[in-house]
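Look for chain A in each of the two complexes below; its partner is chain B in the first and chain C in the second.
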Partner chain A sequence: MRALDKLWHALDERLELDPIVEFVAHKVVPRHRHSWAYYFGGLTMFFLFVQIATGILLLLYYRPTAEAAFESVQFIVTRVPFGWLVRSVHSWSANLMILSAFAHMFSVYFMGSYAKPRELTWWSGFALLGLAMGFGFSGYLLPWNTLSYFATQVGTDMVSKVPFAGAWLLKFLRGGSEVTGATLTRFFGFHVAVLPMLTAVLLAGHLAFIQRQGMHVPSSLEEEAKRRKPIRFVPNFMLREGVVWLLGLAALAALAAFFPWELGTKADPFASAPAGIKPEWYFLFMFETLKLLPAHLFGIEGELLGLGAFAAGGLVWFLVPVLDRGRPGGGRGRAFFVLGWLVLAYIVGFTFASFAGVFK
Partner chain B sequence: MRAANETPAVSRRTALNWLLGTSLGATLVAALYPVFRFVIPPRVAEAPVNRVLAGKLSQLPDNSGKIFRFGSKPAILIRTPTGEVRAFSAVCTHLNCTVQYRPDFQHIWCACHNGQYDLQGKNISGPPPKPLEAYKVDIAGDDVYVTRGA
Partner chain C sequence: MTRQLANATLAILLAAGARAAAPPAAAAPVRAVKDACLTCHAKLSDERLRKPAELASADIHQTQGISCAGCHGGNPAADDPTVAMDPRKGFVGKFTPQAIPEMCGSCHSNAAYMLRYAPNIPTDQLSQYRTSKHGLALAKGATDVAVCSSCHGAHGVRPPSDARSPVYPTRIVDTCARCHADVALMSRYGIKGNEVAEYKKSVHYAALVEKNDLSAPTCKSCHGAHGATPPGVSSVANVCGTCHVSQLERFDQSPHKDAFAALEQPACEACHSNHAIGHPQDSWIGVADKQVCGACHSAGDAGAVAAGAISGALAKATAAETAARARVGKVKRAGMLMDAADVKLEDAHQAYIMATVEIHTVAVARVEKQTEVALAATAAADKDAAAAEAEIRYRRTGLFVSLIVIAVAMVTLALKVRSMER
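Here is the complex of A and B:
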């Protein structure tokens, strides 16, 4: 203890840590009946940390080529001690992270936290979710199995529909005109270098904005938040968040151990796509929607129309902080509240219906 | 703002800013252009394949199909329920999956989004917007040859 005190003293003397201590000591989190929503961002971050740790471990054995990728993952899960666990945790945690990010996004949405002055927090969060989905999409291909091979075939082909830049984008993503070993090597680079770097930068911004502005309290809960004593961030809120992280860890451990992630069969570019091709669950609502569209609609390719609609929907969602002008008496616009529920119902509905085999 | 007669048409500051700005812009372009080009791989000279031995007739029963390699892309050889042999590109015109022959449907099917093509390769249901590219089939004894662009 004495040694620690001394160290602190030495650092404080040189770096003047007082303002930081002051800031941390006074940091509080409002308390009201929807305070539970404040834990999801942190939970998402927890899964992100798990991803970084297990990802680095997988890097010790994984080899990013069409010839060796599948075998190297097979080696990890069959021969490397606890390799099956590390891979399983990485795959499950990726899914839980996205689930948690969605929960986080919808909870801040319904609390209206996106409104001025928190537009930048919303936008950086939106980009973070995009990056998380990019992680999922690029990571899906890395084991080079049949399912992921065709999912990547389909997913990358969609960018070719982008007006003007489509052909260029397709080549950029695939590293050629087909999905080949070149695509795998590229996706590996995105997955372990490009996306982590962008995520680190955006997350730093996301967190910095929150520190600057403090937690948002919806206008309908302001009165309650004023009446009740806020939670001190250190140590009370941190300890509570710790409990949430432990719950996340418990769920993760149970899923990873009892439902080890499948590897499937090695991709063969000269075999037919097998029945049951589908993307990860968080792309299912789009996947099923596109499947329902006819080849041509109003003289336009159905696919193009569907992708255009998703792009437009994404743009509206992104622009919500400027589109929602709020209500005169304070609070967010009614229409946007309804929009949130519609979007949520659509995503959840289609995802479950897909699992239930409604779309065949 | 000063009166016009006090300032030359272009002040020294404006000129310098303009010079600095264009140099910076040029430097940026000079640095980014190679990057932009680098990310697209060079075209690898590929001997164009126009004719391949796709399979053996004796191994292709009626109402069945098989994928074969046509250059760098997969193609499909089918034998209709009435015994005719046909060949098409196996690349689905929807989003690039590899199609297969479905004996139970007696036509070509794409597993990715349930796209269907008839025995002529024509898209008949599901999302595919165009027919499959058809190839010419020659049979020499037991050998089935497929030719493109004929």
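Here is the complex of A and C:
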């Protein structure tokens, strides 16, 4: 114990740790009937940590070439001790991370936490969700199986609809005109280098903003929050978050053991596309919407119009902190509250309808 | 590099010069500068006379420079129809069925002539045709039998390799059926007229249309194309053996070969039938009702005993393979990768197929030798499935233990928080 005290003293002497200790000791989390919403951000981060850990383990064996990718994943799940578990946890954790990020985003949205002065937190969170989806899209191709190959072909083909830059973007993503080994190698690069780097920077900013500004309390809950004793961040909230993380870990272990992530068959670029290609579930609502659109609408290509609408919708969602002027009596605008529910109903509705086979 | 390029250019120029200087082949029909046949016939209102002109552009002969006059004679350069279609100049409007094979054969039987256009096609069609049932009936004066144009078309003739040709593998069956499914016409020649309908129930037809396997046998594969005739009793085995080489080889080693010949039974056909050839089943073997051996053998004789042993060996291999496939499938659905077991099951199936080939020897030991191989491979796949099942149990136990550890940790943390916040 004395050694630890000595080490602390030595560090404190050099780095002046007192302000940090002071900050941590006084950091609190408001307590009200919707305090549960504060756990989703941390849970998302937990899944991210799992992703990093399992991703590093997978890197030890994975080979990013069209010739060896599928076989290397096959090797991981059949020969490497606990390889099946690591790969399955990586895949499941990716999905749970996106799910948790969506829950975090909507809870923040409905509590109106995006409003001034927290615009930067909202924007960095929005970008982080985009990066997470980028992780999902790029990681999906890496096992180089039939489904991921053709889903990537369909997915990358969408960028070719972008006016003016479409052809260039397609070539940039694919590393050529078709999905080939070159695409796999660059997706690998995005997945393990570019996206992690951007995520690290943005996440650091996102966390720093939260620490600087503290937790937001919606105006309707302010009174309750004032009345009740806040939760001390260290150690109470951390321990509570620990319970949530353990719950996430239990879910991951159960899913990985009972529903191991399928590997499928090796991609064959010369084979015809299998029927019923679908992207990952978090792209389904967009995928099914684009499929529903007619070939041409108002003289414009339906798919282009759909992508334009998604881009515009995304922009509105991004700019909500600026667009929502709030109500005179305090609180967020009613129109944006309704918009939130509509967007949530649309995403959840289309995703479930797609799984139920409504769009077949 | 530059010198090589210069030499290559010089060689090309010399070759082009030589071709330009070469005289046209003496007997080759040269496309007429003016072809009044096509010009006039294209304008005719009578469809029967206009159609040949419309079909001309797709005709292999026309594309090779052989115009209407190549077959019909006459003078294509003349505008006056009476001059262009002057019978004294060899013009023939409509050929009699008897004249068609001779007319087509005048070029197609000429090896030297055909060499200029299609050196890889045979030139014995006419001589084969004369030996065919069609040719023999035609020689006797029948006019309702197939001649060249009945199958290949008269105008707009395409090469058989063209998918639009009536004799292309996927279309030839229906081409034969135009006459051979006509019961009234066929009854005149003592043919049932149900042969094509029967063939369409066969594995051969299924391979042709479902798998698009162009090498699958069609009518002409067994009966011959130009020399079309039913194979005789003694030649059936040779016809089937063209493709089923291993089966024929084994049949020739079997006591059935001489026995079938003595009984004047068509070898393969006796068990497999002729047109409606189905997928062989293990259940065919035996002397009971609807089992093929029962046609000659009866319960208790040596053949029936051998059939029972063969049937038993096959059934054992099939049952073992089915069970192993089910077990492997089950662990696959539980998420296990079973590629190695799949290979073993494939080996087992290959050995089973070899056993079904060995049936043609009717030697029980030879069949059993293969079914033993199949059983060994199946047992190995089954062992893999058992190992995978054990692995699943291990994983689930591990999960159960880890969930307990996680639950204990959660409860401890929750209690700690509660005690702190009390």
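Everything below uses one rule, namely that the second predicted complex is superposed on the first by the 360 of 360 C-alpha atoms of A that agree within 3 Å, B and C clash if a C-alpha of one lies under 4 Å from a C-alpha of the other, contacts with A are read in each partner's own complex, and residues count from 1 in each chain.
Definition applied: a contact is a pair of C-beta atoms (placed from the backbone, for glycine too) under 8 Å apart; a residue touches a chain by one contact, two chains touch by 3 or more.
Everything quoted here is computed from the prediction, not taken from an experiment.
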Touching partner for A:A271 - first (chain B), second (chain C), both, neither: first
First (chain B), second (chain C), both or neither touched by A:E262: second
Contacts of A:G314 with chain B and chain C, given as first, second, both or neither: neither
Chain B versus chain C as contact partner of A:G330, first or second or both or neither: neither
Partner chain in contact with A:P117 - chain B first, chain C second, else both or neither: neither
Residues of chain C touching chain A in the complex: 334-337, 339, 395-396, 398-399, 402-403, 406-407, 409-410, 413-414, 416-417, 420-421
Complex contacts: residues of chain A adjacent to chain C: 74, 77-78, 84-85, 88, 231, 235-236, 239-240, 242-243, 246-247, 249-250, 253-254, 257-263
Residues on chain B engaged by chain A in the complex (per definition of touch): 39-41, 67-69, 72-74, 76, 90, 92, 94-100, 110-114, 123, 126-129
Chain B contact footprint on chain A (complex, rising order): 150, 153-154, 157-158, 168, 171-172, 175-176, 178, 182, 269-277, 290-291, 293-296, 301-303, 360
